[in-house]
Amino acid sequence: MRKLKAAVIMGSDSDLPVVSKAIDKLKGLGIEVEARVMSAHRTPRRVMEFAERAEDNGFGVIIAAAGKAAHLAGVIAAHTILPVIGIPIKSSTLDGLDSLLSTVQMPSGVPVATVAIDGAENAAILAAQILALNDVDLRDRLNAMKNDMEAMIDIKDKKLSQGI
Amino acid sequence: MRKLKAAVIMGSDSDLPVVSKAIDKLKGLGIEVEARVMSAHRTPRRVMEFAERAEDNGFGVIIAAAGKAAHLAGVIAAHTILPVIGIPIKSSTLDGLDSLLSTVQMPSGVPVATVAIDGAENAAILAAQILALNDVDLRDRLNAMKNDMEAMIDIKDKKLSQGI
Amino acid sequence: MRKLKAAVIMGSDSDLPVVSKAIDKLKGLGIEVEARVMSAHRTPRRVMEFAERAEDNGFGVIIAAAGKAAHLAGVIAAHTILPVIGIPIKSSTLDGLDSLLSTVQMPSGVPVATVAIDGAENAAILAAQILALNDVDLRDRLNAMKNDMEAMIDIKDKKLSQGI
Amino acid sequence: MRKLKAAVIMGSDSDLPVVSKAIDKLKGLGIEVEARVMSAHRTPRRVMEFAERAEDNGFGVIIAAAGKAAHLAGVIAAHTILPVIGIPIKSSTLDGLDSLLSTVQMPSGVPVATVAIDGAENAAILAAQILALNDVDLRDRLNAMKNDMEAMIDIKDKKLSQGI
Amino acid sequence: MRKLKAAVIMGSDSDLPVVSKAIDKLKGLGIEVEARVMSAHRTPRRVMEFAERAEDNGFGVIIAAAGKAAHLAGVIAAHTILPVIGIPIKSSTLDGLDSLLSTVQMPSGVPVATVAIDGAENAAILAAQILALNDVDLRDRLNAMKNDMEAMIDIKDKKLSQGI
Amino acid sequence: MRKLKAAVIMGSDSDLPVVSKAIDKLKGLGIEVEARVMSAHRTPRRVMEFAERAEDNGFGVIIAAAGKAAHLAGVIAAHTILPVIGIPIKSSTLDGLDSLLSTVQMPSGVPVATVAIDGAENAAILAAQILALNDVDLRDRLNAMKNDMEAMIDIKDKKLSQGI
Amino acid sequence: MRKLKAAVIMGSDSDLPVVSKAIDKLKGLGIEVEARVMSAHRTPRRVMEFAERAEDNGFGVIIAAAGKAAHLAGVIAAHTILPVIGIPIKSSTLDGLDSLLSTVQMPSGVPVATVAIDGAENAAILAAQILALNDVDLRDRLNAMKNDMEAMIDIKDKKLSQGI
Amino acid sequence: MRKLKAAVIMGSDSDLPVVSKAIDKLKGLGIEVEARVMSAHRTPRRVMEFAERAEDNGFGVIIAAAGKAAHLAGVIAAHTILPVIGIPIKSSTLDGLDSLLSTVQMPSGVPVATVAIDGAENAAILAAQILALNDVDLRDRLNAMKNDMEAMIDIKDKKLSQGI
């Protein structure tokens, strides 16, 4: 059985410094990623077409990152039944609160799985957790990552307890 | 020359108690109105088609009302160069702040003319002001309305000054 | 292959009026649900044990609903690599903003897929979208639900266009 | 028939770095602009006089930019039936939330078409959309601009898809 | 020497239930009050004329109450050097935060002495404190009021300490 | 008759860069100023004693500046019937919203005349407006200042209108 | 050794419906309570005297409840080195955010141990936890309460798991 | 009798620059401190074990510092009846509001004594105030610190009064 891909869509290429963490994390977890720049407001047809064909094109999950009145994830979710993960991008004003509310407060019927403001890494991990339901190896990699994370904190803990 | 119509789109028919004030005001000012229920998330294709044909169908301005992650006005604006007026609808949580930010914080290139939370009457007046640039009679009616409004405050002022 | 179950955990039985919409929706979509009352603060061990065994116990996704300093979803996510969906419950103050931020602003490494404040129905649909990656019949039911939703808006639209 | 002009009023010349984007955009779209510094609080009579005569002086739309307790757009709207567009300027505290609420939350009867915080470019595009109802050439330029914007995103999309 | 009067201006007669507490308090403190309904947006000329003549007409302080994008106090302050006290009125959305920010965040040069949201009674006391600088009897009444207030809390304190 | 002085109290000497604008403005308007560092939380007795004796010591108005849980103005107001002006100081977090709410939201009976966040200059002008009720010369200086302010904006306006 | 008492101070007797839960909880845990009505703004001297003598009068912890610009806990903390617990009371506007920030955002040197908005029961439990450091019996009662709480959730959990 | 220790737990070693002020203050007051890095989300078992054994291990109070969806203090409080003090850490977005609400808005039954955002020094003083109920020498040191603080403000006050 062919593995499902993850799409990472950003509303503007200026979001790349944040969003690249999601792309890297997905690749690090062995997931095939397709990264795109598409805007709910500036290229709305392209967004619609991408979303409508995503399932047929082998995607299992779509990550969408946008700032301000962040409609991108919601618009994608309107055109697919694939799970859509939204990353609210912190913009130049309001500290990302506008992006967060525009992404998370979706009306009944069309959910967006929202992560923290600028939470690109967590978007990737969530995508991996979703795809891992179907993929024992990915599950192992996620468990290993969780263990590594724990070990890293423990090292810092030891360093601090002894260092001060 | 044929007069331009105003469209009033709401994301849900539960918004009608608020939005009907816009419809009534537009009719009261002699503007032909078409009222529709269309959702950026539940009937996205219909929204797109409506927006793309709005100019050809004789509309001069589009009012869009939605709550929560209120994408409706922005999605319409993505598909037309007609002026789009957004009414952020107060929903059951966050007192309309989510709707306001989702409507007003549009990215560069695709503006939404946002009025106050639940400001349906002002959306209608703004639409009329826009259409009035082309319509001397409508201008007269707007001026008359402004004068009436002023007179009404004056009556209340007299009543209060003498009453207390 | 045995179908994966969905867990619906709430921090307090007072959340049931909101959360029951998630339970009903999941059942309506043919998903086996287990509903539980467990508190991150009052029965933390039970939460931990549930989360650690959830994968082995046949769950594919966990929905967690909590209010105020809503730690439940995050604490569950700390103990499993299953996708965890958080429903921020609107409490008696702050209109659910505290619950939303406590649920969504997770640190790197441990994501919570957050839906709207009191967005129980969307939590269920998101859970279904995740489980549907593995389940063609569920995919069909989700597509049918999406079509029904669209049709319902269209009916309301026709009613309004002709009624006013 | 003589073309209608756009006015761009700012409350302080310190707003010019933001507001100049509106002036440039309007000029770029071939619209005649008059830029002014006038303050609702420091030169209130001048604001009133300008607003009252704006229609007779050949203006079709007024853009007003102000920060903090941003009354400028509202005060102008009180004295004219021309459409007034408000740009909330981000000030040194509160990230522009004060400016946004002071601009958008207008009482019934006197609307201000509010754009995003510091959204000067969108204010210009909205003004152009309004004036374009009367001006086929401007409509063409707006459509061209929309197409260019779309093409630019597509280029960035291609670059990203192939580059990573 | 003739005593200075206090003006109490409200933007709408719907504010009277809140504002009447200011009127009553001022009268209770023996201050001559003139109460008016005038709107910064609907009767802007009248507001301007009132403010410009207030000093000559025997006023020593002006209280202005308004909700939403509450410009009334600021517009009055623009036209007089009398101290202007602003009461932000809680409106149907945003819990008065819009009114508060629109009233208090005045730009340099034109202050508004802002009291709490719906703080009509305090507006009156503040006005009395200002007028009392010139009026020994009023000073005595304010001191008596302060003592009464203290005594009343003491009675409640005794009641509670003994009652529970 | 001896002229009333203005007191300027700050909760911490780190507030001086902001507060010094109030001191300078008061001096520039010919008002005798006494500047003090006193903390509602760290030197509460000194604050109380200062406030209780302020009237007898020849003060007509007290300006108090503090950040975070800004209690200074309120505590002073508890001990005097002189008008107390509060300057909410922007601190390292929350952009001054905490200071603003702690200063302005006073309970009935004890008002604080609150100005904008970091609005030191306006605090001084408000103090001058209050003292000017008793002082014709100060009134003249305030009127002159208002005229200068207007003239300055006009110069900037001319420069801009002709310069662009 | 004589047991330390807990003081429960409220700024207004209108806070009693919320605050009585703290009083009841403390009594239920066997702690001697003294409940008082004292206001930081209306009876400031009494507050100061109470705080200064609290340690000598046998108190080990002071709970202070106040709304709006909630200075009570901070003012008490300024006059004692006893631990002071603040309960921010939700008032008629701003949903308690003003009370929370006024209570918790204390400057360095004078802490207030702040609990949730209207969190009277938790204030009592926190007071008990503090006093229990010195009191083995109280520690036992707190542990029993924690176990009861856990058992109650378990009962609800069983009821729900079997009932749906 | 052996003196009780204070624990200072931080969710990430990146919090150390803020949290070290708590550690230093506690040491300066002669309190034995144990500093640890443990994460409610990344090392949840370790947090649980630490909290459960803290009382037996000689701790009298636990300080926990975390940012964003700051669950650390609440999770610790779930596993102990020792008083737990929470320091909300300001993170890269939302200015610490998320951390504050996630820490302070605890449900009934499990309190967290919350101090100001980044209020590490106050967390230490509060811990000392709690431990001082049992420790006359510590009480003396706290009183001395309070006097020093007062004296320091007085020196600054004198410098300012004479310097300007």
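A few notes on this one:
In order of appearance the chains are A, B, C, D, E, F, G and H, and numbering begins at 1 in each one.
The rule we apply is simple: a residue touches a chain if its C-beta (ideal position, glycine included) is under 8 Å from a C-beta of that chain, and two chains touch if they have at least 3 such contacts.
The shown structure was predicted, so the numbers you read here are calculated from the model rather than taken from an experiment.
Both chain B and chain H are touched by A, C. Simply put, of E-F and B-E, more C-beta pairs touch at E-F.
Its interface matching that of F-H in over half of the contact pairs by residue number, B-E stands out among E-F, A-B or B-E.
For this pair, chain A with chain G, the centres built from the Cα atoms lie 42 Å apart.
Centroid to centroid, with C-alpha atoms defining each point, chain C and chain G lie 35 Å apart. Multi-chain contact residues of chain G (touching two or more other chains) are listed as 12, 39, 42, 68-69, 94-95, 97, 104-107, 109-110, 112, 116-117, 149.
Listed by label, the pairs of touching chains are A-B, A-C, A-D, A-H, B-C, B-D, B-E, C-G, C-H, D-E, D-F, E-F, E-G, F-G, F-H, G-H.
By the touch rule above, chain D contacts chain B in their complex via residues 4, 60-61, 81-83, 85, 100, 104-117, 119, 121-123, 125-126, 129-134, 139, 142-143, 145-146, 149.
Contact residues of chain F toward chain D in the complex are 90, 95-97, 116-118, 149-150, 153-154, 156-157, 159-161, 164. Residues of chain G that touch chain E in their complex: 12-13, 16, 23, 34-39, 42-43, 46, 68-69, 92-95. Within the complex formed with chain G, the residues of chain F that make contact are 11-12, 39-42, 44-45, 48, 67-69, 71, 74-75, 77-79, 91, 94, 97-98, 101-107, 109-110, 112.
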